[in-house]
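For reference, the structure is listed below as C-alpha coordinates.
Each chain carries a letter (A, B, C and D) given by its place in the written order, and its residues are counted from 1.
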Amino acid sequence: MRFRARLHVRFGDIDHAGIVYYPRFLHYFHVALEEFFGRQLGRPYHRFLDDERVGLPTVRLEIDFRSPLRFGDEIDVEVGVREVGRTSIDWIYRVFKQDGVLAAEARIVTVALDMEHFEKTPVPEWLRNALLAYRGAEGME
Amino acid sequence: MRFRARLHVRFGDIDHAGIVYYPRFLHYFHVALEEFFGRQLGRPYHRFLDDERVGLPTVRLEIDFRSPLRFGDEIDVEVGVREVGRTSIDWIYRVFKQDGVLAAEARIVTVALDMEHFEKTPVPEWLRNALLAYRGAEGME
Amino acid sequence: MRFRARLHVRFGDIDHAGIVYYPRFLHYFHVALEEFFGRQLGRPYHRFLDDERVGLPTVRLEIDFRSPLRFGDEIDVEVGVREVGRTSIDWIYRVFKQDGVLAAEARIVTVALDMEHFEKTPVPEWLRNALLAYRGAEGME
Amino acid sequence: MRFRARLHVRFGDIDHAGIVYYPRFLHYFHVALEEFFGRQLGRPYHRFLDDERVGLPTVRLEIDFRSPLRFGDEIDVEVGVREVGRTSIDWIYRVFKQDGVLAAEARIVTVALDMEHFEKTPVPEWLRNALLAYRGAEGME
(Lines give C-alpha, C1' and ligand atoms only; values in the text may rest on other atoms or scores of the structure.)
Protein backbone atom coordinates (compact mmCIF):
# COMPACT_ATOMS: atom_id res chain seq x y z
CA MET A 1 0.00 0.00 0.00
CA ARG A 2 1.22 3.44 -0.84
CA PHE A 3 0.01 6.91 0.00
CA ARG A 4 -0.13 9.61 -2.65
CA ALA A 5 -0.16 13.35 -2.10
CA ARG A 6 -1.16 15.60 -4.98
CA LEU A 7 1.11 18.63 -5.21
CA HIS A 8 1.60 21.46 -7.68
CA VAL A 9 4.84 22.69 -9.12
CA ARG A 10 4.90 26.38 -8.27
CA PHE A 11 6.19 29.44 -10.10
CA GLY A 12 8.97 29.86 -7.56
CA ASP A 13 10.10 26.22 -7.69
CA ILE A 14 11.75 26.81 -11.04
CA ASP A 15 15.43 27.53 -11.55
CA HIS A 16 17.45 29.35 -14.18
CA ALA A 17 17.29 26.28 -16.45
CA GLY A 18 13.49 26.49 -16.53
CA ILE A 19 12.87 23.27 -14.60
CA VAL A 20 12.28 22.47 -10.95
CA TYR A 21 15.34 23.30 -8.85
CA TYR A 22 16.43 19.89 -7.65
CA PRO A 23 16.42 20.63 -3.89
CA ARG A 24 12.67 21.25 -4.27
CA PHE A 25 12.15 17.53 -4.82
CA LEU A 26 13.25 16.96 -1.25
CA HIS A 27 10.81 19.61 -0.12
CA TYR A 28 8.07 17.80 -2.05
CA PHE A 29 9.01 14.58 -0.26
CA HIS A 30 8.76 16.28 3.11
CA VAL A 31 5.42 17.88 2.30
CA ALA A 32 4.14 14.46 1.24
CA LEU A 33 5.37 13.03 4.54
CA GLU A 34 3.49 15.75 6.42
CA GLU A 35 0.33 14.93 4.45
CA PHE A 36 0.89 11.23 5.11
CA PHE A 37 0.98 11.76 8.87
CA GLY A 38 -1.98 14.11 8.94
CA ARG A 39 -4.32 12.52 6.45
CA GLN A 40 -3.30 8.89 6.54
CA LEU A 41 -1.99 8.18 10.01
CA GLY A 42 -4.44 10.63 11.59
CA ARG A 43 -1.67 12.31 13.54
CA PRO A 44 -0.50 15.67 12.18
CA TYR A 45 3.26 15.70 11.94
CA HIS A 46 3.59 18.83 14.10
CA ARG A 47 1.67 17.13 16.89
CA PHE A 48 3.83 14.05 16.59
CA LEU A 49 6.96 16.19 16.87
CA ASP A 50 5.74 18.51 19.58
CA ASP A 51 3.82 16.05 21.75
CA GLU A 52 6.07 13.00 21.55
CA ARG A 53 9.26 15.05 21.22
CA VAL A 54 10.51 12.66 18.56
CA GLY A 55 11.96 13.84 15.28
CA LEU A 56 12.68 11.92 12.10
CA PRO A 57 15.78 13.49 10.56
CA THR A 58 17.09 12.04 7.34
CA VAL A 59 20.42 10.25 7.66
CA ARG A 60 20.70 8.93 4.14
CA LEU A 61 19.01 9.45 0.84
CA GLU A 62 19.35 8.29 -2.71
CA ILE A 63 17.44 9.86 -5.54
CA ASP A 64 17.20 9.07 -9.21
CA PHE A 65 15.86 11.92 -11.29
CA ARG A 66 14.10 10.50 -14.33
CA SER A 67 12.28 13.39 -15.94
CA PRO A 68 12.31 17.13 -15.28
CA LEU A 69 9.33 18.94 -13.83
CA ARG A 70 8.06 22.28 -15.06
CA PHE A 71 5.89 25.06 -13.72
CA GLY A 72 2.25 24.02 -13.81
CA ASP A 73 2.90 20.29 -13.50
CA GLU A 74 0.58 18.47 -11.16
CA ILE A 75 2.44 15.72 -9.41
CA ASP A 76 1.64 12.77 -7.22
CA VAL A 77 4.21 12.12 -4.57
CA GLU A 78 3.98 8.54 -3.40
CA VAL A 79 5.11 7.59 0.09
CA GLY A 80 5.93 3.99 0.88
CA VAL A 81 7.84 2.07 3.51
CA ARG A 82 10.60 -0.42 2.78
CA GLU A 83 11.43 -1.38 6.29
CA VAL A 84 10.98 -0.33 9.89
CA GLY A 85 14.01 -0.94 12.07
CA ARG A 86 14.32 -0.48 15.79
CA THR A 87 15.32 3.17 15.52
CA SER A 88 15.10 3.82 11.79
CA ILE A 89 12.57 3.91 8.98
CA ASP A 90 13.43 3.20 5.37
CA TRP A 91 11.07 5.11 3.08
CA ILE A 92 10.43 5.02 -0.64
CA TYR A 93 9.23 8.07 -2.49
CA ARG A 94 8.20 8.32 -6.10
CA VAL A 95 7.08 11.37 -8.01
CA PHE A 96 4.70 10.94 -10.92
CA LYS A 97 3.61 13.54 -13.42
CA GLN A 98 -0.01 13.94 -14.44
CA ASP A 99 0.60 11.72 -17.48
CA GLY A 100 1.90 8.92 -15.28
CA VAL A 101 5.55 9.47 -16.16
CA LEU A 102 7.92 8.80 -13.29
CA ALA A 103 9.81 12.01 -12.54
CA ALA A 104 11.92 10.79 -9.62
CA GLU A 105 12.29 8.00 -7.14
CA ALA A 106 14.04 8.07 -3.84
CA ARG A 107 14.99 5.99 -0.88
CA ILE A 108 15.23 7.92 2.34
CA VAL A 109 16.38 6.62 5.68
CA THR A 110 15.28 8.52 8.75
CA VAL A 111 16.13 7.83 12.36
CA ALA A 112 13.89 8.40 15.31
CA LEU A 113 15.50 11.06 17.45
CA ASP A 114 14.73 12.13 20.97
CA MET A 115 14.45 15.88 20.38
CA GLU A 116 15.49 16.79 23.93
CA HIS A 117 18.89 15.14 23.72
CA PHE A 118 19.29 14.67 19.97
CA GLU A 119 19.85 10.95 20.52
CA LYS A 120 18.45 7.92 18.73
CA THR A 121 15.32 6.49 20.25
CA PRO A 122 13.09 3.53 19.29
CA VAL A 123 10.44 4.20 16.63
CA PRO A 124 7.26 4.77 18.67
CA GLU A 125 5.13 1.63 18.81
CA TRP A 126 2.00 3.20 17.28
CA LEU A 127 4.05 4.49 14.38
CA ARG A 128 5.78 1.17 13.77
CA ASN A 129 2.45 -0.61 13.67
CA ALA A 130 0.89 1.97 11.41
CA LEU A 131 3.80 1.88 8.98
CA LEU A 132 3.76 -1.88 8.54
CA ALA A 133 0.67 -1.57 6.36
CA TYR A 134 2.60 0.61 3.93
CA ARG A 135 5.54 -1.69 3.66
CA GLY A 136 6.02 -3.09 0.22
CA ALA A 137 8.57 -4.59 -2.05
CA GLU A 138 8.07 -2.56 -5.22
CA GLY A 139 10.28 0.19 -6.51
CA MET A 140 14.02 0.79 -6.49
CA GLU A 141 14.80 -2.86 -5.82
CA MET B 1 26.61 55.61 7.35
CA ARG B 2 25.43 52.48 5.65
CA PHE B 3 26.61 48.90 5.66
CA ARG B 4 26.83 46.95 2.43
CA ALA B 5 26.86 43.20 2.04
CA ARG B 6 27.96 41.74 -1.27
CA LEU B 7 25.71 38.85 -2.30
CA HIS B 8 25.31 36.72 -5.41
CA VAL B 9 22.10 35.89 -7.19
CA ARG B 10 22.03 32.11 -7.29
CA PHE B 11 20.80 29.60 -9.85
CA GLY B 12 17.95 28.56 -7.59
CA ASP B 13 16.81 32.14 -6.85
CA ILE B 14 15.28 32.41 -10.29
CA ASP B 15 11.60 31.83 -11.08
CA HIS B 16 9.67 30.74 -14.12
CA ALA B 17 9.89 34.27 -15.56
CA GLY B 18 13.69 34.06 -15.57
CA ILE B 19 14.24 36.72 -12.90
CA VAL B 20 14.71 36.58 -9.15
CA TYR B 21 11.60 35.27 -7.40
CA TYR B 22 10.47 38.29 -5.42
CA PRO B 23 10.37 36.62 -1.97
CA ARG B 24 14.14 36.11 -2.38
CA PHE B 25 14.66 39.85 -1.98
CA LEU B 26 13.45 39.53 1.58
CA HIS B 27 15.86 36.67 2.10
CA TYR B 28 18.67 38.90 0.76
CA PHE B 29 17.66 41.57 3.25
CA HIS B 30 17.82 39.09 6.09
CA VAL B 31 21.19 37.73 5.03
CA ALA B 32 22.48 41.31 4.88
CA LEU B 33 21.14 41.87 8.39
CA GLU B 34 22.98 38.77 9.60
CA GLU B 35 26.19 40.05 7.99
CA PHE B 36 25.60 43.47 9.53
CA PHE B 37 25.39 42.03 13.02
CA GLY B 38 28.37 39.72 12.60
CA ARG B 39 30.77 41.88 10.64
CA GLN B 40 29.74 45.37 11.59
CA LEU B 41 28.33 45.20 15.10
CA GLY B 42 30.72 42.43 16.10
CA ARG B 43 27.92 40.33 17.49
CA PRO B 44 26.80 37.41 15.31
CA TYR B 45 23.05 37.47 14.96
CA HIS B 46 22.67 33.91 16.26
CA ARG B 47 24.51 34.86 19.44
CA PHE B 48 22.34 37.91 19.85
CA LEU B 49 19.22 35.79 19.49
CA ASP B 50 20.36 32.86 21.58
CA ASP B 51 22.21 34.70 24.35
CA GLU B 52 19.95 37.70 24.85
CA ARG B 53 16.78 35.83 23.93
CA VAL B 54 15.59 38.79 21.90
CA GLY B 55 14.25 38.47 18.39
CA LEU B 56 13.62 41.13 15.76
CA PRO B 57 10.58 40.00 13.81
CA THR B 58 9.33 42.19 11.00
CA VAL B 59 5.99 43.86 11.67
CA ARG B 60 5.80 46.02 8.58
CA LEU B 61 7.59 46.29 5.30
CA GLU B 62 7.36 48.30 2.13
CA ILE B 63 9.35 47.48 -0.95
CA ASP B 64 9.69 49.15 -4.30
CA PHE B 65 11.11 46.92 -6.97
CA ARG B 66 12.96 49.03 -9.52
CA SER B 67 14.83 46.62 -11.73
CA PRO B 68 14.78 42.83 -12.03
CA LEU B 69 17.74 40.69 -10.97
CA ARG B 70 19.07 37.77 -12.96
CA PHE B 71 21.20 34.73 -12.28
CA GLY B 72 24.84 35.76 -11.99
CA ASP B 73 24.17 39.29 -10.79
CA GLU B 74 26.42 40.48 -8.00
CA ILE B 75 24.48 42.71 -5.69
CA ASP B 76 25.21 45.03 -2.82
CA VAL B 77 22.55 45.00 -0.16
CA GLU B 78 22.73 48.18 1.86
CA VAL B 79 21.49 48.25 5.43
CA GLY B 80 20.64 51.56 7.05
CA VAL B 81 18.64 52.77 10.02
CA ARG B 82 15.91 55.37 9.84
CA GLU B 83 14.98 55.45 13.47
CA VAL B 84 15.32 53.53 16.69
CA GLY B 85 12.22 53.61 18.86
CA ARG B 86 11.81 52.22 22.34
CA THR B 87 10.83 48.75 21.16
CA SER B 88 11.17 49.06 17.39
CA ILE B 89 13.78 49.65 14.73
CA ASP B 90 13.01 51.24 11.39
CA TRP B 91 15.44 49.95 8.77
CA ILE B 92 16.19 50.95 5.20
CA TYR B 93 17.48 48.44 2.69
CA ARG B 94 18.59 49.08 -0.84
CA VAL B 95 19.79 46.59 -3.41
CA PHE B 96 22.25 47.72 -6.05
CA LYS B 97 23.42 45.82 -9.08
CA GLN B 98 27.09 45.68 -10.06
CA ASP B 99 26.55 48.59 -12.47
CA GLY B 100 25.17 50.75 -9.69
CA VAL B 101 21.54 50.44 -10.78
CA LEU B 102 19.09 50.39 -7.91
CA ALA B 103 17.19 47.10 -8.01
CA ALA B 104 14.98 47.55 -4.96
CA GLU B 105 14.55 49.66 -1.88
CA ALA B 106 12.68 48.79 1.26
CA ARG B 107 11.64 50.09 4.58
CA ILE B 108 11.31 47.41 7.23
CA VAL B 109 10.07 47.87 10.76
CA THR B 110 11.10 45.25 13.29
CA VAL B 111 10.13 45.05 16.93
CA ALA B 112 12.30 43.74 19.72
CA LEU B 113 10.64 40.65 21.07
CA ASP B 114 11.32 38.73 24.25
CA MET B 115 11.61 35.24 22.75
CA GLU B 116 10.47 33.47 25.94
CA HIS B 117 7.08 35.13 26.05
CA PHE B 118 6.78 36.53 22.53
CA GLU B 119 6.20 40.01 23.97
CA LYS B 120 7.62 43.39 23.02
CA THR B 121 10.71 44.39 24.94
CA PRO B 122 12.95 47.47 24.78
CA VAL B 123 15.67 47.47 22.14
CA PRO B 124 18.81 46.42 24.06
CA GLU B 125 20.91 49.43 25.01
CA TRP B 126 24.09 48.25 23.25
CA LEU B 127 22.13 47.73 20.05
CA ARG B 128 20.40 51.09 20.24
CA ASN B 129 23.74 52.84 20.67
CA ALA B 130 25.37 50.87 17.89
CA LEU B 131 22.53 51.58 15.47
CA LEU B 132 22.56 55.34 15.96
CA ALA B 133 25.73 55.56 13.87
CA TYR B 134 23.87 54.04 10.93
CA ARG B 135 20.94 56.36 11.14
CA GLY B 136 20.61 58.58 8.14
CA ALA B 137 18.16 60.63 6.23
CA GLU B 138 18.73 59.42 2.68
CA GLY B 139 16.54 57.07 0.71
CA MET B 140 12.79 56.50 0.51
CA GLU B 141 12.02 59.89 2.03
CA MET C 1 -15.78 39.28 -3.58
CA ARG C 2 -12.64 37.62 -2.45
CA PHE C 3 -10.97 34.33 -3.28
CA ARG C 4 -9.49 32.19 -0.54
CA ALA C 5 -6.84 29.52 -0.92
CA ARG C 6 -6.30 27.09 1.92
CA LEU C 7 -2.61 26.48 2.54
CA HIS C 8 -0.57 24.70 5.18
CA VAL C 9 2.43 26.00 7.02
CA ARG C 10 5.14 23.45 6.37
CA PHE C 11 7.97 22.07 8.47
CA GLY C 12 10.53 23.82 6.28
CA ASP C 13 8.76 27.21 6.37
CA ILE C 14 9.96 27.79 9.92
CA ASP C 15 13.03 29.81 10.87
CA HIS C 16 15.42 29.81 13.80
CA ALA C 17 12.92 31.78 15.88
CA GLY C 18 10.36 28.98 15.54
CA ILE C 19 7.91 30.94 13.41
CA VAL C 20 7.34 31.26 9.68
CA TYR C 21 10.32 32.90 7.97
CA TYR C 22 8.84 36.17 6.74
CA PRO C 23 9.78 35.79 3.05
CA ARG C 24 7.52 32.70 3.04
CA PHE C 25 4.48 34.98 3.35
CA LEU C 26 5.27 36.33 -0.10
CA HIS C 27 5.51 32.78 -1.37
CA TYR C 28 2.09 32.06 0.15
CA PHE C 29 0.72 35.11 -1.67
CA HIS C 30 2.11 33.88 -4.95
CA VAL C 31 0.77 30.37 -4.47
CA ALA C 32 -2.65 31.88 -3.71
CA LEU C 33 -2.40 33.90 -6.92
CA GLU C 34 -1.63 30.74 -8.86
CA GLU C 35 -4.65 29.04 -7.30
CA PHE C 36 -6.77 32.10 -8.07
CA PHE C 37 -5.90 31.96 -11.76
CA GLY C 38 -6.37 28.21 -12.06
CA ARG C 39 -9.41 27.60 -9.92
CA GLN C 40 -11.20 30.91 -10.06
CA LEU C 41 -10.38 32.49 -13.40
CA GLY C 42 -10.23 29.12 -15.13
CA ARG C 43 -6.88 29.93 -16.66
CA PRO C 44 -3.86 28.26 -15.04
CA TYR C 45 -1.21 30.86 -14.37
CA HIS C 46 1.45 28.96 -16.32
CA ARG C 47 -0.77 28.97 -19.40
CA PHE C 48 -1.42 32.66 -19.01
CA LEU C 49 2.32 33.32 -18.83
CA ASP C 50 3.38 30.93 -21.54
CA ASP C 51 0.55 31.47 -24.02
CA GLU C 52 0.00 35.20 -23.71
CA ARG C 53 3.65 35.95 -22.92
CA VAL C 54 2.57 38.39 -20.26
CA GLY C 55 4.03 38.40 -16.77
CA LEU C 56 2.84 40.14 -13.63
CA PRO C 57 5.96 41.11 -11.70
CA THR C 58 5.53 42.93 -8.41
CA VAL C 59 6.68 46.54 -8.44
CA ARG C 60 5.55 47.53 -4.98
CA LEU C 61 4.35 45.80 -1.87
CA GLU C 62 3.39 46.71 1.65
CA ILE C 63 2.81 44.13 4.31
CA ASP C 64 1.68 44.36 7.89
CA PHE C 65 2.47 41.30 9.93
CA ARG C 66 -0.11 40.95 12.68
CA SER C 67 0.44 37.54 14.22
CA PRO C 68 3.16 34.91 13.73
CA LEU C 69 2.45 31.60 12.04
CA ARG C 70 3.73 28.27 13.29
CA PHE C 71 4.29 24.82 11.83
CA GLY C 72 0.98 23.04 11.45
CA ASP C 73 -1.12 26.16 11.04
CA GLU C 74 -3.78 25.97 8.37
CA ILE C 75 -4.15 29.31 6.73
CA ASP C 76 -6.55 30.96 4.33
CA VAL C 77 -4.88 33.34 1.95
CA GLU C 78 -7.40 35.79 0.60
CA VAL C 79 -6.87 37.42 -2.76
CA GLY C 80 -8.72 40.61 -3.62
CA VAL C 81 -8.40 43.42 -6.12
CA ARG C 82 -8.26 47.09 -5.17
CA GLU C 83 -7.95 48.53 -8.62
CA VAL C 84 -7.14 47.63 -12.19
CA GLY C 85 -5.19 50.28 -14.04
CA ARG C 86 -4.22 50.33 -17.68
CA THR C 87 -0.99 48.41 -17.14
CA SER C 88 -1.11 47.62 -13.42
CA ILE C 89 -3.17 45.66 -10.91
CA ASP C 90 -3.46 46.61 -7.28
CA TRP C 91 -4.05 43.50 -5.18
CA ILE C 92 -4.99 42.94 -1.56
CA TYR C 93 -3.92 39.82 0.27
CA ARG C 94 -4.87 38.78 3.76
CA VAL C 95 -3.76 35.70 5.67
CA PHE C 96 -6.06 34.23 8.27
CA LYS C 97 -5.31 31.49 10.74
CA GLN C 98 -7.71 28.64 11.37
CA ASP C 99 -9.17 30.51 14.36
CA GLY C 100 -9.96 33.53 12.19
CA VAL C 101 -7.09 35.64 13.50
CA LEU C 102 -5.55 37.91 10.87
CA ALA C 103 -1.89 36.95 10.48
CA ALA C 104 -0.90 39.43 7.78
CA GLU C 105 -2.32 41.80 5.23
CA ALA C 106 -0.65 43.12 2.15
CA ARG C 107 -1.10 45.41 -0.76
CA ILE C 108 0.78 44.34 -3.84
CA VAL C 109 1.05 46.25 -7.09
CA THR C 110 1.94 44.24 -10.17
CA VAL C 111 2.47 45.50 -13.69
CA ALA C 112 1.61 43.65 -16.86
CA LEU C 113 4.85 42.97 -18.65
CA ASP C 114 5.46 41.83 -22.19
CA MET C 115 7.81 38.92 -21.47
CA GLU C 116 9.60 39.16 -24.82
CA HIS C 117 10.83 42.71 -24.30
CA PHE C 118 10.34 43.16 -20.55
CA GLU C 119 8.19 46.24 -21.23
CA LYS C 120 4.89 47.35 -19.76
CA THR C 121 1.85 46.25 -21.69
CA PRO C 122 -1.89 46.77 -21.10
CA VAL C 123 -3.60 44.32 -18.75
CA PRO C 124 -5.23 41.80 -21.10
CA GLU C 125 -8.92 42.57 -21.61
CA TRP C 126 -10.20 39.18 -20.40
CA LEU C 127 -8.17 39.55 -17.21
CA ARG C 128 -9.32 43.11 -16.57
CA ASN C 129 -12.95 42.05 -16.93
CA ALA C 130 -12.50 39.01 -14.74
CA LEU C 131 -10.78 40.98 -12.00
CA LEU C 132 -13.47 43.63 -11.73
CA ALA C 133 -15.69 41.15 -9.91
CA TYR C 134 -13.08 40.82 -7.18
CA ARG C 135 -12.61 44.49 -6.67
CA GLY C 136 -13.64 45.68 -3.24
CA ALA C 137 -13.14 48.44 -0.80
CA GLU C 138 -12.42 46.52 2.40
CA GLY C 139 -9.07 46.00 4.02
CA MET C 140 -6.00 48.18 4.54
CA GLU C 141 -7.99 51.34 3.97
CA MET D 1 42.60 18.38 -5.34
CA ARG D 2 39.41 19.71 -3.95
CA PHE D 3 37.77 23.10 -3.98
CA ARG D 4 36.20 24.49 -0.83
CA ALA D 5 33.57 27.20 -0.62
CA ARG D 6 32.95 28.86 2.73
CA LEU D 7 29.22 29.32 3.37
CA HIS D 8 27.11 30.40 6.31
CA VAL D 9 24.06 28.69 7.68
CA ARG D 10 21.37 31.33 7.59
CA PHE D 11 18.47 32.16 9.89
CA GLY D 12 15.98 31.01 7.26
CA ASP D 13 17.75 27.70 6.56
CA ILE D 14 16.45 26.28 9.83
CA ASP D 15 13.37 24.08 10.17
CA HIS D 16 10.88 23.38 12.92
CA ALA D 17 13.35 20.94 14.53
CA GLY D 18 15.89 23.74 14.97
CA ILE D 19 18.43 22.35 12.50
CA VAL D 20 19.10 22.95 8.81
CA TYR D 21 16.18 21.79 6.68
CA TYR D 22 17.69 18.93 4.72
CA PRO D 23 16.87 20.21 1.21
CA ARG D 24 19.11 23.18 2.01
CA PHE D 25 22.13 20.89 1.86
CA LEU D 26 21.46 20.45 -1.85
CA HIS D 27 21.24 24.19 -2.21
CA TYR D 28 24.61 24.50 -0.46
CA PHE D 29 26.04 21.99 -2.94
CA HIS D 30 24.76 24.01 -5.85
CA VAL D 31 26.07 27.28 -4.47
CA ALA D 32 29.47 25.62 -4.01
CA LEU D 33 29.31 24.46 -7.63
CA GLU D 34 28.59 28.01 -8.76
CA GLU D 35 31.56 29.26 -6.74
CA PHE D 36 33.70 26.47 -8.17
CA PHE D 37 32.94 27.51 -11.74
CA GLY D 38 33.42 31.22 -11.09
CA ARG D 39 36.38 31.27 -8.77
CA GLN D 40 38.20 28.09 -9.68
CA LEU D 41 37.46 27.39 -13.32
CA GLY D 42 37.34 31.09 -14.17
CA ARG D 43 34.05 30.71 -15.96
CA PRO D 44 30.98 31.91 -14.07
CA TYR D 45 28.32 29.25 -14.13
CA HIS D 46 25.71 31.59 -15.62
CA ARG D 47 28.03 32.33 -18.54
CA PHE D 48 28.66 28.65 -19.05
CA LEU D 49 24.93 27.99 -19.15
CA ASP D 50 23.94 30.97 -21.23
CA ASP D 51 26.84 31.07 -23.69
CA GLU D 52 27.40 27.36 -24.29
CA ARG D 53 23.74 26.46 -23.82
CA VAL D 54 24.73 23.41 -21.81
CA GLY D 55 23.16 22.55 -18.48
CA LEU D 56 24.28 20.09 -15.82
CA PRO D 57 21.11 18.68 -14.28
CA THR D 58 21.46 16.11 -11.53
CA VAL D 59 20.32 12.63 -12.48
CA ARG D 60 21.35 10.81 -9.35
CA LEU D 61 22.44 11.69 -5.87
CA GLU D 62 23.33 9.94 -2.66
CA ILE D 63 23.80 11.79 0.57
CA ASP D 64 24.84 10.68 4.01
CA PHE D 65 23.99 13.14 6.72
CA ARG D 66 26.49 12.79 9.56
CA SER D 67 25.89 15.72 11.85
CA PRO D 68 23.18 18.39 11.96
CA LEU D 69 23.90 22.02 11.16
CA ARG D 70 22.59 24.95 13.15
CA PHE D 71 22.05 28.65 12.57
CA GLY D 72 25.37 30.46 12.73
CA ASP D 73 27.50 27.52 11.65
CA GLU D 74 30.22 28.37 9.18
CA ILE D 75 30.67 25.53 6.78
CA ASP D 76 33.12 24.51 4.12
CA VAL D 77 31.53 22.80 1.17
CA GLU D 78 34.09 20.75 -0.67
CA VAL D 79 33.66 20.00 -4.35
CA GLY D 80 35.54 17.11 -5.92
CA VAL D 81 35.31 15.00 -9.03
CA ARG D 82 35.16 11.21 -9.04
CA GLU D 83 34.95 10.68 -12.74
CA VAL D 84 34.23 12.45 -16.00
CA GLY D 85 32.34 10.34 -18.51
CA ARG D 86 31.48 11.20 -22.07
CA THR D 87 28.22 12.94 -21.15
CA SER D 88 28.25 12.78 -17.36
CA ILE D 89 30.22 14.06 -14.39
CA ASP D 90 30.40 12.23 -11.10
CA TRP D 91 30.93 14.73 -8.27
CA ILE D 92 31.77 14.37 -4.61
CA TYR D 93 30.64 16.93 -2.09
CA ARG D 94 31.49 17.09 1.57
CA VAL D 95 30.31 19.59 4.15
CA PHE D 96 32.54 20.37 7.11
CA LYS D 97 31.69 22.41 10.15
CA GLN D 98 34.10 25.01 11.53
CA ASP D 99 35.46 22.46 14.01
CA GLY D 100 36.31 20.07 11.18
CA VAL D 101 33.42 17.70 11.84
CA LEU D 102 31.95 16.16 8.69
CA ALA D 103 28.30 17.19 8.46
CA ALA D 104 27.41 15.47 5.19
CA GLU D 105 28.92 13.80 2.18
CA ALA D 106 27.33 13.29 -1.17
CA ARG D 107 27.87 11.79 -4.54
CA ILE D 108 26.08 13.59 -7.33
CA VAL D 109 25.90 12.56 -10.95
CA THR D 110 25.10 15.27 -13.46
CA VAL D 111 24.66 14.92 -17.20
CA ALA D 112 25.61 17.49 -19.78
CA LEU D 113 22.42 18.61 -21.46
CA ASP D 114 21.92 20.60 -24.61
CA MET D 115 19.53 23.21 -23.26
CA GLU D 116 17.84 23.84 -26.61
CA HIS D 117 16.62 20.30 -27.04
CA PHE D 118 16.99 18.92 -23.51
CA GLU D 119 19.16 16.10 -24.84
CA LYS D 120 22.42 14.64 -23.60
CA THR D 121 25.51 16.16 -25.11
CA PRO D 122 29.24 15.52 -24.57
CA VAL D 123 30.87 17.28 -21.64
CA PRO D 124 32.58 20.31 -23.24
CA GLU D 125 36.28 19.68 -23.82
CA TRP D 126 37.51 22.64 -21.75
CA LEU D 127 35.39 21.51 -18.83
CA ARG D 128 36.54 17.90 -19.07
CA ASN D 129 40.16 18.99 -19.03
CA ALA D 130 39.64 21.40 -16.17
CA LEU D 131 37.85 18.81 -14.06
CA LEU D 132 40.54 16.16 -14.38
CA ALA D 133 42.71 18.10 -11.94
CA TYR D 134 40.00 17.75 -9.31
CA ARG D 135 39.55 14.05 -9.74
CA GLY D 136 40.49 12.08 -6.69
CA ALA D 137 39.94 8.81 -4.97
CA GLU D 138 39.13 9.92 -1.42
CA GLY D 139 35.75 10.01 0.19
CA MET D 140 32.66 7.78 -0.03
CA GLU D 141 34.68 4.91 -1.42
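For the reader, a short list of remarks on this structure follows.
Definition applied: a contact is a pair of C-beta atoms (placed from the backbone, for glycine too) under 8 Å apart; a residue touches a chain by one contact, two chains touch by 3 or more.
It should be emphasised that the depicted structure is a prediction, and the values quoted were computed from it without experimental measurement.
Relative to subunit C, the chain whose mean Cα position lies farthest away is D.
Here A-C and A-D are compared, and the pair linked by more C-beta contacts is A-D. Mean C-alpha position of subunit A lies 23 Å from that of subunit D.
Subunit D has its Cα centroid 34 Å from the Cα centroid of subunit C. Chain centres here are Cα averages; for subunit A and subunit C they lie 28 Å apart. Each of the following residues of subunit C touches two or more other chains: 11-12, 16-17, 21, 23, 27, 30, 46, 49, 71.
Contact residues on subunit C toward subunit D in their complex (touch as defined above): 11-12, 14-18, 21, 23, 71. Across the interface of their complex, subunit A is touched by residues 16-17, 19, 21-27, 30, 46, 49, 55, 57-65, 68, 115, 118 of subunit D. Listing the residues of subunit B that touch subunit D in their complex gives 8, 10-12, 27, 30-31, 34, 44-47, 49, 70-72.
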